[in-house]
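Consider the two complexes below, in which subunit A is the common component and subunit B and subunit C are the respective partners.
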Partner chain A sequence: MGAEIGPSNIEAAFLLEALKKGTRVDGRGIYDYRTLKISCGPTYGLAEVQLGQTRVLARVSCEVTRPFPDRPTEGIVLFNTELSSMAGFGLDSSRSSTQEVAISRMVERVIKQSRAIDAEALCILAGEKVWTVRIDVHFLDHGGNLIDAASIAAIAALRHFRRPDVTVDGEEAIIHDVRERNPVPLSIHHTPICVTFGFFGSAGDMLVLDPTLLEEQVQVSSFTITLNSHREICALNKAGGIPLSPDQIQRCTQVALAKVDEVNEKIQLALKASTA
Partner chain B sequence: MSRPDRREASQLRALNCSLGQLNRADGSAQFSAGNTSVVSGIYGPVEAKVYEEKLDRAVVEVKFRPDIGAPTTKDKWMESAIRNTFEREILAHLHPRTLVQIVVQLREGDGSVDSAAINATSLALVDAGIPLKCMVTAATCAVLSDDTTVVDPTQEEIDAARSTHTFAFASGSPTGPLYVDSRGEFTMDEYNHCYDLCALATERVLAFMRTAIEGKVTKEAKISAA
Partner chain C sequence: MASVKIVLPGDIIDTRREEEDTAQQEPNVEDEATVIRLGPGLVQSSESVSAVTAGVLHSNSETNRWWVAGNKRRYVAAVGEPVVGVVVARHGEGYRVDIGSAHDALLPQLAFEGATKRNKPNLAVGTVVYGRVVVANSVMDPEIECFNSNTGKSEGYGELSEGFMFKCSLGLARRLIDTKAPVLAALGNGVPFEVAVGVNGRVWVNAESVATTILVANAIRNSEYLDAKQCRQMVKELLEKQ
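Moving on to the complex of A and B:
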C-alpha cells in the first residue's frame, strides 16, 4: 500500500506516440517550462514556488551558534528537505525513499557545495559565534520535477531572507533587534538553478524539459544541469538510466542556459514584488 | 490599552483562505490569520494498513509538520490535539477499515497556530468531501500582564502574556467546546471571559469559512453547468 502506481500501458504508449510527433500530453513544446509562479514573503525568507502542479515551500531561518572547530571563521549552512506525505499519499518521510534522498542530496549539493552562500560573511566572532543559516524545503504537492522547483524555492528564499544586524566591539557582539536596526541580506555569491530534462525512447533520442510526474514515470533517463546567472555550470547529475551521447548533453546545456536566465528574471520580479 | 498592530481587543487578524490548491491531495486548504499561515492536506478514505485498520470505522491519522526543523515533541502533541478534536466529528463509521490521513504543514507561525491548524483542517476536510457531523472552528485568547484579554494574539503578545487559551467549537451545537488548551496562570473568571470571547470569535471564523466554501461550490457548479 502507498506505493506509487505507475501509469497504465495505454497512457505510457500515448505519451510516447505524442512525443514522436513532437507534442507533449499537456500541450507544451518540448523545451517549455510549465507556468512558474514564485511568491516571497510576507516574512523574510519565505518563498513558495508553483511549477505547474508542483508546489514547494522554502523557509530560511538563522540562529547564533558555535562554529565547527576546524572551520572557526565560517558560518554553518544547514539544509533540510523532507518529502512529506502531503506531497503524495505514501511518500512517507519516516522511511526515506531513494527518490527522496536523491532529491535532497541534489538540492543540498547545488546550494552548499557550489558555495552559493558566503560562509565567512556569517562569522560574528571567530571561533566563538557564527550564524547558522537553516533552509527548510517543504514539498506540498508532487506534480513532477521536484528538483527544479526546490532549487528555485531555496534560492528565492535565500535572496529574500534578512538576518538581524550585528555590531562587534572587541570581544562583545551586539545582535540588533529587527525593529531597532534594519536587518541585512545574506551575502550570496551566485544563484545556481537546476534545469531537469527527461529522456524517452529506447535510445533516449527524445527529450523534454521539466518533466511532469507522468513523464517522470515513463522516462528512461533524466539529466539535471545546474547553472548560475554567470553562465557557469555548478553541478551535473545523471543518476543511472540509459546512456546518453555527449551531443545530447551539449544540446541540454544550450537549452538550460536560456531557461536559467528566464528563471532568474522571475525570481528578481518576485523579490521586487514582495518589497513593493 | 493598545495592541502592537492597533487591533481592538476582540478583533481577529485579517483572515484568508483558499481551498483545493493541492492537486495530489484529496482535499486541501490554506488558512491564514495575519502572518500565521497553515496548509492542511487530506488523503482519504484510503486503504489502511492491516495492523492499524479498525473493523467498524475509519482511522484518523494526523501529521503536523513545523515550518522550521524536524518535528519535535511539541509537534507530536499538536498532532494528538488535532486528531482528538476531529476523530469524533468525522463520521468514521461510514468508511470502515479505511484511513483518513490529515497532513498539516505550518507555513509560518506568528501566534495562535493551534487554532489556525484546526480551522485549516476543518476546511480541508470539507474540501475532501469527508462526511462530518459539523464544522469545527477554533480561536485563541491571551490574558496579558495588565489583565486585559485579547483575541487572536500574535507571537509577540503570547510571549508577554500571563496565560493563553484556545477553544474549538462544533458549529451549531451549544454543548460546549470540543477542544480546550489553557496555559499559564489564570483565575476562573478570566477563563470564563476567554471562553466567551473565543465562542464569539469562532462564530465569525465560521461565517468566514462558510463564505469561502460557498464561493468555491458556486464556482464549481457554474463550471459543471457550462
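Moving on to the complex of A and C:
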C-alpha cells in the first residue's frame, strides 16, 4: 500500500533476459530515448515535458526581494520540486522522500552550480533590490527517469521565461508593467541537460539510456551526466550502486554528447513554436 | 441507446425513462415488475440511482443492466472480476497481494486448485498470480482466490511463472477481456501467445521468445486509442518489422 512496491519477479527476470539479448521491454534499443515532447507556454516560463509516460511541468516566476547580505549584487534562484501521489502509486506527498530529495538536489545543482543563470544580471540595486527567480517543478506522472525530464523542463522554462523590464534612475528603480514595456528574457549562459544511464547485471556490464520506472527498480546502478551544447560537462552524479569502470563512463559520455544535441534542438523548436 | 450519455459522479440516473420508451413499443412489458441490475460505477441511494464514476452510461434493455464504462487508473475491486496481482507479503494463513486497489487483497493459502492443509503452494514475495475477487466491500480488505470454489478447478487461475506483466489503463483492460478484442484477434492470427488480462489494469503475456512477448505487449499497449481497423494495421506493421 503505502510502501514502495517493487517489480514482480517475472518482470525483473524478463527484463534481464531481454537485455541479455540486447532488447528492452518497451521495444527500444539500449541507446534510445523515449519520445520526448516539449511544450512551452501559453504564459511565460511554463514548460511541460513528456518523456514517454513521464510528465513534468516546470513553472518559473519572479519577484523583487532583498539580496543576501553576503552577496549584495546577486539575484536569488530558488528551486522547488513536488513529487506527489498523483505521479505514481506509493508516493507520499506529505513528506519528501529520499528519491525526491535526490532528484531535486541534482537538478538544482545542474541549474545553479553550473551557473546557467547569470545571477548578477538579476540585480536591480546592489544590496537593496534583486530579482528572486523561483523554479517550481511538478512531477505529473512517474514513468521513470525523472531527473532528465525535470532538467529539460526546468531549463526550457527558464529560457522561455520573461521578467518585467526595469529602469534604474540613480537610487530609484522603476519596474515596468508587462503591458507597458515588453518583458525581457533572463540571461542564460548555457543549457545544461542531464542524461541518465541505468546499469544491469552483477558487474553492471549492461547499460541502457533513459531507464523506465521498471528499469530503475531493477537496475544495480545509475549514472547521470550533465552536458551543455558546448560539449562541457556540468555535473556528474552517481549515488550508490556498484562501481563503474572508466571505460563505461567514457562510453556514456560519448552517447550523452549525441543525445544532448538532439534534446537541445527540441528545446529550440519548442521555444520557437511558442513565440510564433 | 441511440446517443452516448456521459455521466459524472453524483449524477442521478433516470433508469425509468428508457423503460417507458420500450414500454411504448411493447405494451406487454409494463406489468412485469422490473428489477434493475447495477454494474460498475453506479450505486443506489434510497430511491434513486446515482453515478460514482465518470464515464459513458451503458444499459442493456433485455437484462435491465446498467453500468458506467469509464477509464481510470486506480482499480476498485468488485466481486467476480479477474485480477492480476503481485504477492507482497506472506502470512500464516495466506498471502497479501497487491492488486492495484487502495488496499491489498488477501489470498488464502487454500484458495488454490487441489490445495490441502498439508499440500499447499509456496509462493515467494514478488510472485505474480491470476485470481478472481471473491470479497469486495467498503469495510473489508478485498479477498481473491485462484480457483473456482464451486468446482475446485483452477479454470486458468493460479501462479503466472513466466512471461511478462505490464500495466495499462482500466478501460483498455476491460476491452481486452472481451474475446473479440480486435488487437488480440489480430495478434493471434500472426503469432501464438498466452495472455491473462486482469481488469485491475495489469496484463500478463507469454510467448515463445522474448522478442515476441515484447511485440505482443507493445501491440496491446499501443491499441488503447485505436479502432479495430487501425489495430489490425498496427499489428501487421509490427509483425512485418520483426
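In this section, the second predicted complex is superposed on the first by the 276 of 276 C-alpha atoms of A that agree within 3 Å, B and C clash if a C-alpha of one lies under 4 Å from a C-alpha of the other, contacts with A are read in each partner's own complex, and residues count from 1 in each chain.
Heads up, the rule we're going with is that contacts are C-beta pairs under 8 Å (C-beta built on N, C-alpha and C of every residue); 3 or more make two chains touch, one makes a residue touch a chain.
Quick caveat, the model's predicted, so the values are computed rather than measured.
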So, after the overlay on subunit A, do subunit B and subunit C clash or fit? They clash
| query | Is A:140 contacted by the first partner subunit B, the second partner subunit C, both or neither? | reply | first
- prompt: After superposition on the shared chain, which partner residues are touched by A:43: those of subunit B (first), subunit C (second), both, or neither?
  reply: first
> If you stack the two complexes on chain A, which partner ends up touching A:59: first (subunit B), second (subunit C), both, or neither?
Replying inline: first
In this superposition, the partner of subunit A with more touched residues, subunit B or subunit C, is B
Touch test for A:183: subunit B only (first), subunit C only (second), both, or neither? neither
*asked:* With both complexes overlaid on chain A, does A:11 touch subunit B (first), subunit C (second), both or neither?
replied: second
Answer with first, second, both or neither: which of subunit B and subunit C does A:27 touch in the superposed model? second
Among 76-84, 112-120 or 130-138, subunit B clashes with subunit C only at 130-138
Residues on subunit A touched by both subunit B and subunit C 1, 89
The residues of subunit C that touch subunit A in their complex are 86, 88, 98, 100, 102-104, 124, 126-128, 160-166, 204, 210-211, 213-215, 217-218
Subunit A residues touching subunit C in their complex are 1, 5-12, 14, 17-18, 21, 23-27, 89
Listed in rising order, the residues of subunit B that touch subunit A in the complex are 21-25, 35, 39, 41, 43, 46-47, 49, 63, 65, 67-70, 101, 103, 105, 107-108, 110
Per the touch rule, the subunit A residues reaching subunit B in their complex are 1, 42-43, 46, 48, 53, 55, 57, 59, 61, 80, 82, 84-89, 134, 136, 138, 140-143
